[in-house]
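Below, each structure is written out as structure tokens.
Next come two complexes built around chain A: one with chain B, the other with chain C.
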Partner chain A sequence: MNEIFFDPNFMMGEISLVALIVILTIIEAFRRPIFVLLNTPSNSTGLDRRNKQASWFAGIGLIIVAVIFYVFGKATAGEHIILLNNSLTAGGGMYIGKLALIGAAILAVLMSARYTLTQSIPAMDYYLLLLFSLLGAVTLIAAENFLIIFLALEMMSIPIYALVGLKKFSTRAGESAIKYLLLGGFSSGFLLLGISFLYGTTGSLIVKDVIQSLNFIVFDASAFLSAIGLIFVFIGLAFKVSLVPFHAWTPDVYEGAGTPITAFMSVAVKLAAFAVILKIFASIDTFGEFDSVFSLIFMFFSLLTVIYGNSVALVQQNVKRMLAYSSIAHAGYMGLALAPMHHKIHTVQAVLFYGIGYIAMNMLAFGVLVYLTRKEKYCETLNDLKGIARKYPGAAAMMAIAMFSLAGLPPAVGFVGKVQIFIQLLEGHMYITAVIALLFSLVALYFYINVIVVMYMREPETEITNIDKHSVGPVWISLSLAALFVLVLGILPSPLLKWALKWAEMLF
Partner chain B sequence: MSNTIGDFILGSGGIFTISVVIILFVIGVATFMFRRTLLHMLMGVELMLNAVNLNLIYFARLHQNLEGQMLSLMIFVVAACEVAVGIAIIVNLYKRTGTIGVETYSEERG
Partner chain C sequence: MDFNVLMFYVFGVTAIAGGLVLFFAKHPIRSAMGLLASMLALAGMYAILQAHAIAVFQVIIYAGAIMVLIIYFIMLLDIQSEEYLRKYNKLLWAGGIFLVAILTLFIYKLYNILSASPDTFTTISRSIDPATAPEEFGGIKPFSKGLLTNYLFAFEFVSTLLFAAIVAVISIVQLDWKGRKNE
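And now, the complex of A and B:
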């Protein structure tokens, strides 16, 4: 590992993403005057046409950016360097994580092509905010410095606050947006207080220096302040991944936001924030006598999260709300792997594998809801899904795959992820924790399977109306891509495990 | 090393600064939790961030480097962005419902 000030080869992906954002902004700035000049109608057909164009621009641009990320990431995979005066790491296996995040964004754009048409949302604003958020997430997983961690976290979150509130005509969306913004600001206050205490005791903002100069063997005022700082940093990040008791915003925000946005933020924000938690907490070699304390903290919060998420999801009638509680529970499983604090590199690998697999399966579940959305009616509750399999067998099959994977049943990626987590728990000799977590994943089977039962075996209460025919193609592409990832990674997980290990090596 | 820094932090001036920071931060948290309008909650968040700024500037002076001051400048910028988005959402909500009281916006439950 060596330090270079700047080498464009390592940053080409990010540079191309920024270039895409600039190009799309310029296109949007000049498109409206051109439309007026050419006398295109400014009513809803005009908006539809502009939305379609915007989806094409954003989709093709993002695919080009993904290719650039892949090519340059692969070319620089042999080296591991630190750029810009200890600000960002680059090279090595990092490109796997960036590709996973961009994959999530591409799936979200494919779904949004339909969603923005059926809901009449100005699409270009929407895609620009999504791309800014993606840039923040991509920077966040590479951050080496608390300043960059804070900036990237906010760059990831603030566009999502705006995205949630973008449906101006809906009070529910505005309510979700303001809740998310206020609690997000509240949590970054705690994160910053923690960072300031860590800076105060060590005199540096670079994560590695801070970790190295933490000295918990002697308990004095400075060690006390650092411990408080670490706990506050953990609280600030736990808000973002929605661990209980910092989860209060999750169900409301997931329900009120547009479905593709919910899908994107549930996976991308979670993966990126977990990468940061791992970077800070898994690279601490010793807490001295406090080693068991931090292990207990992780175990307590994560186990509480698993228990709470899975139990409350049992009684939900709204599928989006049920998926929100299930996403809380999945954050708990990912956090559980942190508890043992042994075999660290394999623990990190298990969490990252789970995070990447979670992208595919959660995108699939929300994608089916986007597919079934009608202009006048959202498809959100279990009632809306009753008997859907007879009319839309394809969508029902996709939903079934997603539910199997989320429940952790064998031919899907969720199974492999859960097995990895439980192996880590058993190797850390945390048998009781493992048994409780296993019991609650059996409880979770009920509400996942319930969705399949409702779709295949119940009669619809009213006749199922036809869905709109707008842009069904892109949604099908995203659904089949996500289903392919879920099944292929579930049957042949070893390549992804190898990549996750490469990425895990980067975080130390 | 850690001992001397610890003594220095909690020494003559340090204990005073950190007390002020913690009091400001707690006032911010209390404002966020107990005032029942959206704008007051936003102000509470701002107060928390400014308490952190004070802390960072004190520590930057203590350690004789500029990183803390850089971070506090960044916090100003990010707080301004957050307020811009937040006020836009609040104004939109006010137009639609005619109130910014928190009770109106707690209909989604459990």
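And now, the complex of A and C:
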């Protein structure tokens, strides 16, 4: 691993992403009629036409960016370097993580093409914010430095705060946005306080230096303060991945936000934040006297998350809310892998594998909800899904695949992910934890299968109205891509395991 | 005890007193003034610790710009109704208990650790001594140099972050808020 100040080859992906953002901003600046700002009715300004164009621009641009990320990532995969004075890691398997996040964004854009049309949301703003958030996420997983971690985390979250509220005629969305903004600011405060404690005791902001100079063997003032610092950093990041007890915002925000945003938020933000948690905590060899404390913290939070998420999801009537609680539970499963405290590359691999697989399955589940949207009515509750299989068999089949995967049943990627996590728990001799987690994933079977039962075996209460015909094609593309990933990676997980391992190597 | 150390403690006590006023004052403007005192005292502490650039930023940005913003908000919101205050005063005891618990833990641990190594206070007074500071420490020159070399990426990233925040604000503000309905 060597240090270079700057080499454009290693950063071409990020540069092209920023370039895409700038180009889209300029295009938007010139084609938007100024009087839109003055509350004119949206139809008279050709919003639909401009939204369609915006979706094309954003979608094609993002695919080009993804290709650039892949080509340059592949070309620089032989080297592992640190750029810009310990700001970013680059090269090696890092491009895999970035591609996973971009994949989530592409799926979200494909769904949004329909969503922005049916809801008459100014689409270009929406895509710009999504791209900003993506830029934050790809920087976050490469960050080498607590300063960059904080900035990238903000870059990832601030556009999401706005995206959550970016919904016409909805006070619920505004409420969720404010809730998320306030709690997000609160969690950033925790993170910053933790970082300042760590800086105070170690005199460095660089993650590797901080970890090396942490000394928990001798118990003194600096060990105490740095343990507090690490706990605060963990709390700040746990807010983003919504571990219990820092989950309170999740159901409300997921329910209030637009469905594609919920999908992107639940997978990309979670994966990126977990990558940082792993980067900081998995490379610490020993916490010395605090070993049991930290093990207990990880186990306590994660197990509580699994138990809480799965039990509360049982009683949800709203599918989006159910998926929110299920996403809390899945964060718990990912967090559990940290608890055995035998941090090594396979733990990180298991978590990253789970995270990447989770992108495909959750995107699939939310994508079906986007597909079933009507102009005046979202498809959100179990009642809305009753008997949907007769009228829309394709969508019902996709939802069934997603539910099987989320429940962790064999032919899907969720099964392999769960197996990986449980192997880590068993290797760490945490049998009781493993049994409890397994029991609660059996509980989870009920509410996942319930969705399938409702779709296929219940009679609809009222006649199912036709869905909007706006931009159904892109949604189908995203659904089939996600379903393909879920099934293919579920049956042949070895390529994804290899990719996750390559990425995991970069985090040490 | 020389002058520097004395002033260090004076500023420290002022900062804590300002924090207490912020916390306990009934009227929001008094709270804001407590915060102002606390920030100015912190600026003084930075100056004593040879971080002159940071001290100036503290006065200009925090005590100047951010205080104006806070006072504007207080004026705009005009929170004076008794009922509103009482709602939050009811929750004060919970915060108080939490604060006392955290403080006790903190002071107890730190006292244990400090009493084990009695030279900590000499270390503090040595670090305040201007003679021990490295050359050019804390001035505007090393600050700007660091900003454009070591922290170049962070610096540029912040500008992108501000751009993102501007886009976020514009996209939220231009929505048709009047047409919103409860669902």
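We take it that the second predicted complex is superposed on the first by the 494 of 508 C-alpha atoms of A that agree within 3 Å, B and C clash if a C-alpha of one lies under 4 Å from a C-alpha of the other, contacts with A are read in each partner's own complex, and residues count from 1 in each chain.
Basically, a residue touches a chain if its C-beta (ideal position, glycine included) is under 8 Å from a C-beta of that chain, and two chains touch if they have at least 3 such contacts.
Bear in mind that the values here come from a model prediction, so they are computed numbers and not experimental data.
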Look at A:Thr139 in the shared chain and tell me whether it touches chain B only, chain C only, both, or neither; answer first, second, both or neither. second
Classify the contacts of A:Asn383 with the two partner chains as first (chain B alone), second (chain C alone), both, or neither. neither
Between chain B (first) and chain C (second), which does A:Ser480 come into contact with in this model arrangement: first, second, both, or neither? neither
Look at A:Asp252 in the shared chain and tell me whether it touches chain B only, chain C only, both, or neither; answer first, second, both or neither. first
Quick one: classify A:Thr201 as touching chain B (first), chain C (second), both or neither. first
Answer with first, second, both or neither: which of chain B and chain C does A:Asn450 touch in the superposed model? neither
Answer with first, second, both or neither: which of chain B and chain C does A:Pro122 touch in the superposed model? second
By the touch definition at the top of the document, which applies to A:Ser283: first (chain B), second (chain C), both, or neither? neither
Taking the superposition as given, does A:Ser311 touch the first partner, chain B, the second, chain C, both, or neither? neither
Shared contact residues on chain A, chain B side and chain C side combined as an intersection? 147, 151, 154, 158, 161-162, 165, 168, 171-172, 174, 177, 220-221
Contact footprint of chain C on chain A as seen in their complex: 18, 25, 36-37, 39, 42, 83-85, 87-88, 122, 125-126, 128-129, 132, 135-136, 139, 145, 147-148, 151-152, 154-155, 158-159, 161-162, 165-166, 168-172, 174, 177, 220-221, 224
Note which residues of chain C are touching chain A in the complex, please. 109-110, 113-114, 116-117, 120, 149-154, 157-158, 160-161, 164-165, 167-172, 174-176, 178-183
Flag every residue of chain A that touches chain B in the complex, lowest number first. 146-147, 150-151, 154, 158, 161-162, 165, 168, 171-172, 174-175, 177-179, 181-182, 184-186, 188-189, 192-193, 195-197, 199-201, 203-205, 213, 215, 218, 220-223, 225, 251-252, 255-256, 312
What residues on chain B touch chain A, complex-wise? 1-3, 5-7, 9-10, 25, 28-29, 32, 38, 41-42, 44-45, 48-49, 51-52, 55-56, 58-59, 62-63, 65, 67-68, 70-71, 74-75, 78, 81-82, 85-86, 88-90, 92-93, 96-97, 105, 107-108, 110
